[in-house]
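What follows is chain A paired twice: with chain B in the first complex and chain C in the second.
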Partner chain A sequence: MITNKAYMAFGLLLAGLVVLGLAGDRFLLYISMRIMILAIFALGFDILFGRTGLLSFGHGAFYAGGAYGVALCYMHLAKDPLLCLLAGVLLATGLALVIGFFCVRHTEIYFAMLTLAFGMMVFSLIWNLREITGGDDGLVGVGRQAINLGLFKIPLRKESEFYFLVLAFFTGAIWVAHRIRTSPFGLILAGIRENDRRTEFAGVNIRNYRLAAFVISGAMAGLAGGLGVLLESNATPHISHWSHSSDPVLVGLIGGLNTLAGPLVGSLVFVGLKELVMRFTTYWMLFFGVVLLIILLGFRGGVVGTLVQRLAGRREVRS
Partner chain B sequence: MSKKGMNRRQFVKAGLMTAAAAALGPAVLKPTSLWAAESKVKGPIKLGYQTVLSGTLAGYGEFHKMGAIMAMEEINTAGGIAGNKLEIEFRDSTLKAPDAIQNARYFVDSWGADFLAGIDSSGQALALAPVMAELDRVLMVTHAATEKLTEEQVFKNGVKQIFRIVTPTYQDGNAAAFVAKDLPVKTWATINPKYEYGFTCWNMFKETLSALKKDVTFTAESWAPFGTTDFRSHINTIMDAKPEGLYSVEWAGELITMVKQGIQAGLFNQVKHVMFPVGAAMDVLEGLGAEMPDNIWISGRYYFLYPNDKSNNDWVERFHKRWQHYPAYVSEGAYSTMYAFKKAVEAAGSKETKAVVGALEGMTLDSPAGKRVFRKEDHQAMYDVPWGLTVSNPKYPFKIMGKQVMVPAKDCFARPPFEGPGTKPPFKA
Partner chain C sequence: MLQSIVHVCLAGLSQGMFIWLVASGLTLIFGVLGVLNFAHGSFYMLGAYFCFMVLRALGENFWWGLLLGPVCVAAVGYLVERFFLRRVYGLELPYQLLLTFAFVLLFDDLVKIFWGAASIGTPPAPGLADSIMILGRRFPSYNLFVIAVGPLLALGLWGLLEKTWAGRIIRASSSDREMASALGVKVPTLFTAVFVFGTWLGALGGGLAVPYLGLLTPGMGEQIIIEAFVVAVIGGLGSLKGAFLGALVIGLLSAFGTRFLPTFDMFLTFILMAGVLLWRPQGFFGEAR
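For the complex of A and B:
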């Protein structure tokens, strides 16, 4: 019953997003796309953080991998957006494989510090490889060409057109996260989080599983980065900075860890709240920080976690 | 019909009289408001301004705001732009490109801005170029200095919506070279920011100076990452190389830190000729106060005592009275931006982007910094800013320019088409 309700809720969400895409104005579409892209980033991140229990502070590197992959592909190889996205995701995946290989040997704070160090390494590489990455000016002028399907073309230039590509990937990301959560693979990840020693004694090579979770989340970060470049038409080094790596951490904490809806709600609150606060004051950081504090302290386990607990609590009383 | 009250005819007459008086009154009293009666431009003129208002450079944003708000107050008191009130909304640009894009989209699509202005970082300015073309609103850049913005985005890619009211890197690189050629210095070194701005300015300085003077060499480079707080290793590198001249486009808090640490290390005793292209920025002058060494070459995008004429001096006085600060170059840029839009809208008789772009191209603007001309090809404002040697003055609690040297913009700004011979200074007379 619960799963049916959940399916219905996601069905309604998608229907609502389609309607929004057809009827929303340009700014609403833009903000919605930013929320969906952040949600893809956070959904992938939750597989590692919420599910497997590994807190990374370096996922901006993979986001940047995807972003610079798309931008470089567009400038030097091919202009087809799907091809560029593929290049971006591949670059991010490769990067995640290499960095993950070294990081998953450790856990907890050691893991977090290692990912932070690798992330900042990627940041300084991007900053300093000026011939390739454009230094701090970044890569500018990534356009959105139409997707060529032989018989007909799908234009993406306008916000209202690109929106549906983002929505498609957003849906795909939710599906992937859902599949992982309901699979034996996902169960093992949860087992590693709860008690890695016991899981290891069950004959599971936990390092490989951790690496797999790391790479999947890195690939999804890359996808988000690639879509972000197509949306903003540029890639700048700050997206690989630790301050950007902390976005999905905050989103996870706001929304709720190890839930499917958590990253979605968290992204909505994170982007929407900032936009709202900025409308009232130019000194938005203070107010944004205070509201975040209230949410983090008031909704322990995130917005979604708290709501689920409330509902579960009521059900217990009833039964 | 009652005798006490007005009858209908009287009422209509009175109403018409009142309306006529309302329409004519201000026009008779104040000629500037003639627009109110016949303006085709409708509604308030809305301008979205974004600048950095958080983090270590937030002080720059405050200086932007002072200039913009003061211009808005003056313009609205004097009858507005073509009879319409000017409204400004400010947003924190945070120096990150995605935030700048979100702000621009909010301003235009959600708030309904007619014009945009501001932008401190070059990366943000470049990232905004395609967005401005899509949103089709004029963006007046008031700080970001990269020459790529005007050379590549405006001139080459045809993003006609972007203009820049302040001097670009030409002032920092080329003009400095013209000053340096007359100094008795054969070896130059640099401590520069380790990002595009630093690299670009140093290269420009080297190329132009080499073309102007044959026997100069560039002996040491030390690159300081963004956010450097300890310059001692950089200072030591330079002092070990024993150059005769030091060039640095470090700016804001980092320049202040570098100078203070340089004094401790005896840098200014050893290197006699020092050039700070953004050293005349008000935050640096005020920040260093009396500590700024004498006889340092400084410049900026505007220097508050130049031109030494009535219009500028009056403005500086008004500014100081309003804010208890002397104007920073970004304040002057923000202030003049409002008047540039006023003049362009009134000349075009419209606030439509195409008409305003047309009016701005080639437009001459009398501003505190002197006469500005917006070059038609690349939308860069051409105006002159002096270079000068620091000196104490009892009137000010900080160092000002003593001896001044002027390198006119027409001599040191690269010229369209920006590629090929004759486009980069020095130009043949």
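For the complex of A and C:
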């Protein structure tokens, strides 16, 4: 249900982010970019987990696909950031297509295990193929060259310049997620989550739809990974490990599954909390473990879901 | 050449036995409760650290640590099942999986808080500290002990499940929870008992690993849980026989991989896991669902 109010809220959010980009200091911009990049990752992941009901433990592989695609393109082919990002997203999409082709044959626990196995395969390749990926050192020294548009160039070197590229992709990702949610395609995905047997009997080839959701989420993970490597200027093998694949799961649960605002709120809370906790203690995992427990036991709708429930409840009382 | 192959086999067997100890608890819990327990690797880690703590307190004697450490961890397992896991049995699988994942995060940091983030060196086991000659090369006698313990434990588990009253109840509840409940089995109590026992098995693996590894590191559970998943999947989720044979296969495969194909040894393990999941999702000894 997208109302005018929701459109206005997103408009305000974007306006606020533009103002932030013009006025914020470097640290604030860096944190905001990390939040937006994680949000792109989580928006894609929610299409698969929140919408279609498939829990993947291997999406770190596609994030890494995007990151290493960008880094390798920068080092060997072309230095233009948009071309590099294109290469990264293509690599991640290709990976997702191949891996997804096998994974969507199963659901639930077997699907989770399969994605885990394939994700760790990618991790082991990145870890061991030192000549290409740099092994445990990763690939370092990915710069941000200016985007060359022929007549003029858009510089990206400074945080305040790169910020707007991230913001543009972030807006694009929200638009894509919104389009999917309101399309017949998105409804079929939700149908598959609710009752796959019935959806199949309605004449839908559910395996193809699951694969489509898988590839879209993989491509968005790749975009996030590519932007991440441009932000941090290096790619490390850790991002393909299964423990990194759990980040978008946590974000989704904190924010709220199967909502558009959920991944955005979740990313904000995730990065914000992590930064805050890390100022006082290095034990942020303990903190997140407790948060996860509280959410799972009490607030399974996440922040957004719980808020929506509260508001809806109040409205019912009034009427 | 023969000497080298025999030694690689022995190394693979001892590695496989640790994976088996962790995978046995994992498999038992999955078979009865239907929960895939991510935190099982953490119980392995806690088993090692508790064993070390008891060993320190009781005069550097490893055997006391092995006896008492896993029991302490089983108590932790009781708390986890009774107060947390029990509340999510009715929910969808991802939620159960993620609840156990929350404990992975918790225990990883708790271990760092109590014992520090750095690795801790551990003493060898009294009486098994030396090594013996096999085909002209030294092999630690403790590793032989581990290779012997694994099958003994498998035998014990088999006897428990097939020959005792408790085992029959466990098998009955595993194949049909509702029917067992209708016949008077107290399913919640049984679930708690099986979870605690499974936790003890994982912790026992961790305790046994103390002299074998010689080092305790806070991340030690994350590595073995993935291997245990692989083993549980290959053997068939819920099948103990499958877990035992799967652990042997993975132990040997990784030992030979490390020796002859070091670049792809991890890759081989996971391609085996994916292959089995694709062509025989019920594993080699699991029942088709």
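Criterion: the second predicted complex is superposed on the first by the 302 of 319 C-alpha atoms of A that agree within 3 Å, B and C clash if a C-alpha of one lies under 4 Å from a C-alpha of the other, contacts with A are read in each partner's own complex, and residues count from 1 in each chain.
The definition used in the following text is that a residue touches a chain if its C-beta (ideal position, glycine included) is under 8 Å from a C-beta of that chain, and two chains touch if they have at least 3 such contacts.
The structure displayed is predicted, hence computed values, not measured ones.
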First (chain B), second (chain C), both or neither touched by A:Trp127: both
First, second, both or neither for A:His106, with chain B first and chain C second: second
Residue contacts on chain A - larger count, chain B or chain C: C
First (chain B), second (chain C), both or neither touched by A:Leu55: second
Which of chain B and chain C A:Leu116 touches, first, second, both or neither: second
Contacts of A:Glu194 with chain B and chain C, given as first, second, both or neither: neither
Contacts of A:Tyr283 with chain B and chain C, given as first, second, both or neither: both
Overlap of chain C and chain B interfaces on chain A (superposed complexes): 127-128, 283-285
Chain A residues within the chain B interface of the complex: 25-27, 30-31, 34, 127-128, 130, 134-138, 140-141, 143, 228, 232-234, 236, 238-239, 275, 278, 282-285
Of chain B, residues touching chain A in the complex: 53-54, 90-92, 96-98, 101-102, 105-106, 109-110, 122-123, 126-127, 129-131, 146, 148, 157, 194-196, 199, 226
Residues of chain A that touch chain C when the two form their complex: 49, 55, 102, 105-106, 108-110, 112-114, 116-118, 120-121, 123-125, 127-129, 242-243, 246, 249, 253, 283-286, 288-290, 292-293, 296-297, 300
Interface residues, chain C side, partner chain A - complex: 36, 84, 87-88, 91, 93-95, 97-99, 101-106, 108-110, 112-113, 222, 226, 229-230, 233, 237, 262-264, 266-267, 270-271, 273-274, 277-278, 281
